[in-house]
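The chains carry the letters A, B, C, D, E and F, assigned in the order they are written, with residues numbered from 1 in each.
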Amino acid sequence: MVTLTEKPDSETRYDRGLRALAEIDGHGGQQVVDALADIAPDFGRYLIEFPFGDIYSRPGLDLRSREIATIAALTALGTAQPQLKVHIQAGLNVGLSRVEIVETIMQMAVYAGFPAALNGLFAAREVFAANEAA
Amino acid sequence: MVTLTEKPDSETRYDRGLRALAEIDGHGGQQVVDALADIAPDFGRYLIEFPFGDIYSRPGLDLRSREIATIAALTALGTAQPQLKVHIQAGLNVGLSRVEIVETIMQMAVYAGFPAALNGLFAAREVFAANEAA
Amino acid sequence: MVTLTEKPDSETRYDRGLRALAEIDGHGGQQVVDALADIAPDFGRYLIEFPFGDIYSRPGLDLRSREIATIAALTALGTAQPQLKVHIQAGLNVGLSRVEIVETIMQMAVYAGFPAALNGLFAAREVFAANEAA
Amino acid sequence: MVTLTEKPDSETRYDRGLRALAEIDGHGGQQVVDALADIAPDFGRYLIEFPFGDIYSRPGLDLRSREIATIAALTALGTAQPQLKVHIQAGLNVGLSRVEIVETIMQMAVYAGFPAALNGLFAAREVFAANEAA
Amino acid sequence: MVTLTEKPDSETRYDRGLRALAEIDGHGGQQVVDALADIAPDFGRYLIEFPFGDIYSRPGLDLRSREIATIAALTALGTAQPQLKVHIQAGLNVGLSRVEIVETIMQMAVYAGFPAALNGLFAAREVFAANEAA
Amino acid sequence: MVTLTEKPDSETRYDRGLRALAEIDGHGGQQVVDALADIAPDFGRYLIEFPFGDIYSRPGLDLRSREIATIAALTALGTAQPQLKVHIQAGLNVGLSRVEIVETIMQMAVYAGFPAALNGLFAAREVFAANEAA
């Protein structure tokens, strides 16, 4: 089970969060934090500390499963397209295949309707295309 | 990867869906279909055919991951407590540990807020207790 | 096309709303207004004036279609079960058949997912049963 | 009551869905299916089979009422602007007047708030303008 | 407590609403009403009469608190970015500081998740930048 | 401006959060944390640390305004009735009047529809009645 590698006890939530953010979101996450610098720098810090330093760093659920959960939820909610794209990329980063991501999104048609799944699939198409162009 | 076992080509969507429903939801799913018999029997059939016969039967994503996706989405949406409980039980049925289910729900605090995660955790507590009582 | 019957120019929004409320919701609507009397009486008045005096009284869409729209929306949102039940009864009051109501709710599986449609169907079953008991 | 014309028993769900899709959505629906071809072709097939082959083909509710239900729900949800525009066009295709569409959307202010209705009206204005330009 | 200034008894809801709209939303509100003129002029009137003539004109809650409530709700819902921007500007118009607006939006991470708060903060950044450019 | 009283630098997030929780939610908040003890004790800790230790403890927005924001958001979302009741009580605890709470909830009719406001008002009526009974 691939979870975040063990941490020394002395590591702060912020440092652990930064490590998790880099491993999971790559550049996408850091760009969000940078974009907050002039308007709500503390929120950029919270974003590193709570979601990444506290939640994604926990043992008990591997990172691939965590990204399936996040992709499913953001597809179903349908209110956070930029964050959904970041996490489709994050899914690829932690080892999900394109097929696994597409299956996760398709399944949301059952729980949140066809439009939610369609908009999720179009987000995935965009992220996959950006990976090929890179 | 545990997905629904291979099916003969001649199996109908309905029969395949019934198999998937039994394997995943156990009694909970069939009770929902029965409850529809007097008001919308066709909808009971669709419920077997599309979500279970079409979606959950697909290869490409294992059943444990499918249940993580569903538990995450229903927790985040917050509008389907009865169905969330059915799928927390389904998660146990297909091999998720209690810890994995709890971690999935906790993570939703990040994407849908603390109340959504709290209400999901209380649903899980109820399902876990019912399993112990049984 | 059955819309609210023509009104004299001198009728106030409140009186027109009361007429529409009585015709559409019957007792259910008035009970809601009464329940607001001790906490937010002005809101009871707004409820009569804007939704019923302004919107439901408009020509241009018949009352049956208006109730289809409301039943669809409340089923899809999934956050207003008491109001959904009031409007399933209202649909019957203005002439929708049980079949038309059930079809409207079932269709929401496509746009808001199967749990939303299921919870809507169970609300309809309850309202239909109450009509038979009465 | 205008519903999908009777079908021979031998017609598959897919063929029936294609007929319904063409009659209801016209080009808009087919474009969505085409857009899925490279990322999730099976989902394009499901989209034809379940919403159109199963649901919209059912007797019991005429196509005009079905489109009122869909326009109402998508306006209220507020998370599917592209699909709302497709169904405003679909409403025109199956015989709804602009007034009926506008009244349906306006009514959603009561159930989902003024911003949802406003964003729905602006979608309608865009679709109506595209019809005039064509 | 700054609420809308006392009105003569003879003032209509429409006139009172226009006053409130001008005081709260400034140009942004009137532009929305104008944009409705060709598609749903009555809805433009309702928008002035109910939200502004009835609700925002009420004593009992000052305009600063009313804008905090609206900014919080629109951030949490995540389905009305144009209206959120109008009300971030409205918050500045009635005397909220940038800090108070940013704190209100940040707090929504707790109740609606981090993506909702992030998208709200980016809306605020845009509105604040437009104020500086003006 | 009433915000949480100044804290010594050495106070942990957990201790600061406990202080804020006690001041704002009183018994209600602690009961939630206790209820998590057997299923997700870490989540009980996060609930104290992030919402209360990080967010509600911040200067820049007074506690009355913070509760208005929370009551507005939970009313508008309509998916968290237990938490809405806790925060209606919290509003009273930090000095909001019943009128201010009722006005905040009523205003949500504009942004999330009349059913959301109605269900919020009924929650308030229940909390107010419990206060009188106590």
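Keep this in mind: a residue touches a chain if its C-beta (ideal position, glycine included) is under 8 Å from a C-beta of that chain, and two chains touch if they have at least 3 such contacts.
This structure is a prediction, so every number in the text was calculated from the model and none was measured.
Student: Shared touching chains for chain E and chain F?
Tutor: A, B, C, D
Student: Would you mind checking which chain's C-alpha centre is most distant from the centre of chain F?
Tutor: Centroid comparison gives D as the farthest chain from chain F.
Student: How would you label the chain A and chain D contact, same or different, if same means the shared numbers make up over half of all numbers there?
Tutor: Different; most numbers are used by only one of chain A and chain D.
Student: If I average the CA coordinates per chain, which chain comes out farthest from chain C?
Tutor: Comparing chain centres, A lies farthest from chain C.
Student: Work out which of A-D, A-B or A-E repeats the contact pattern of C-D, with more than half of the residue-numbered contact pairs in common.
Tutor: A-B
Student: Tell me the rotation angle, 0 to 180 degrees, that brings the C-alpha atoms of chain A onto chain E, to the nearest 5.
Tutor: To map chain A onto chain E, rotate by about 120 degrees.
Student: Which whole number of Å gives the spacing of the CA centres of chain D and chain F?
Tutor: Distance between chain centres: 41 Å.
Student: Which integer distance in Å separates the CA centroid of chain D from that of chain E?
Tutor: It comes to 32 Å between the two C-alpha centres.
Student: Hey, what residues on chain A touch two or more of the other chains?
Tutor: 42, 46, 50-51, 58, 74, 76-77, 79-80, 83, 102, 106, 108-116
Student: So what shape is it, when you link every pair of chains that touch: line, ring, star, complete or other?
Tutor: Its topology is that of a complete graph.
Student: Inside the complex, what are the residues of chain F that reach chain B?
Tutor: It is residues 32, 35-36, 38-40, 42-43, 46-47, 50-51, 74, 77, 79-80, 82-83 of chain F that touch chain B.
Student: Which part of chain C faces chain A closely enough to touch in the complex?
Tutor: 76, 108-116
Student: Can you tell me which positions in chain A touch chain D when the two form their complex?
Tutor: Answer in residue numbers: 77-79, 102, 105-106, 109, 113-119, 121-122, 124-125, 128.
Student: Sort out for me which residues of chain A touch chain B in the complex.
Tutor: Residues of chain A touching chain B: 50-51, 55-56, 58, 60-61, 65-66, 68-77, 80, 83, 99-100, 102-104, 106-112.
Student: Within the complex, which stretch of chain E touches chain C?
Tutor: Where chain E meets chain C, its residues are 42, 46, 50, 54, 58.
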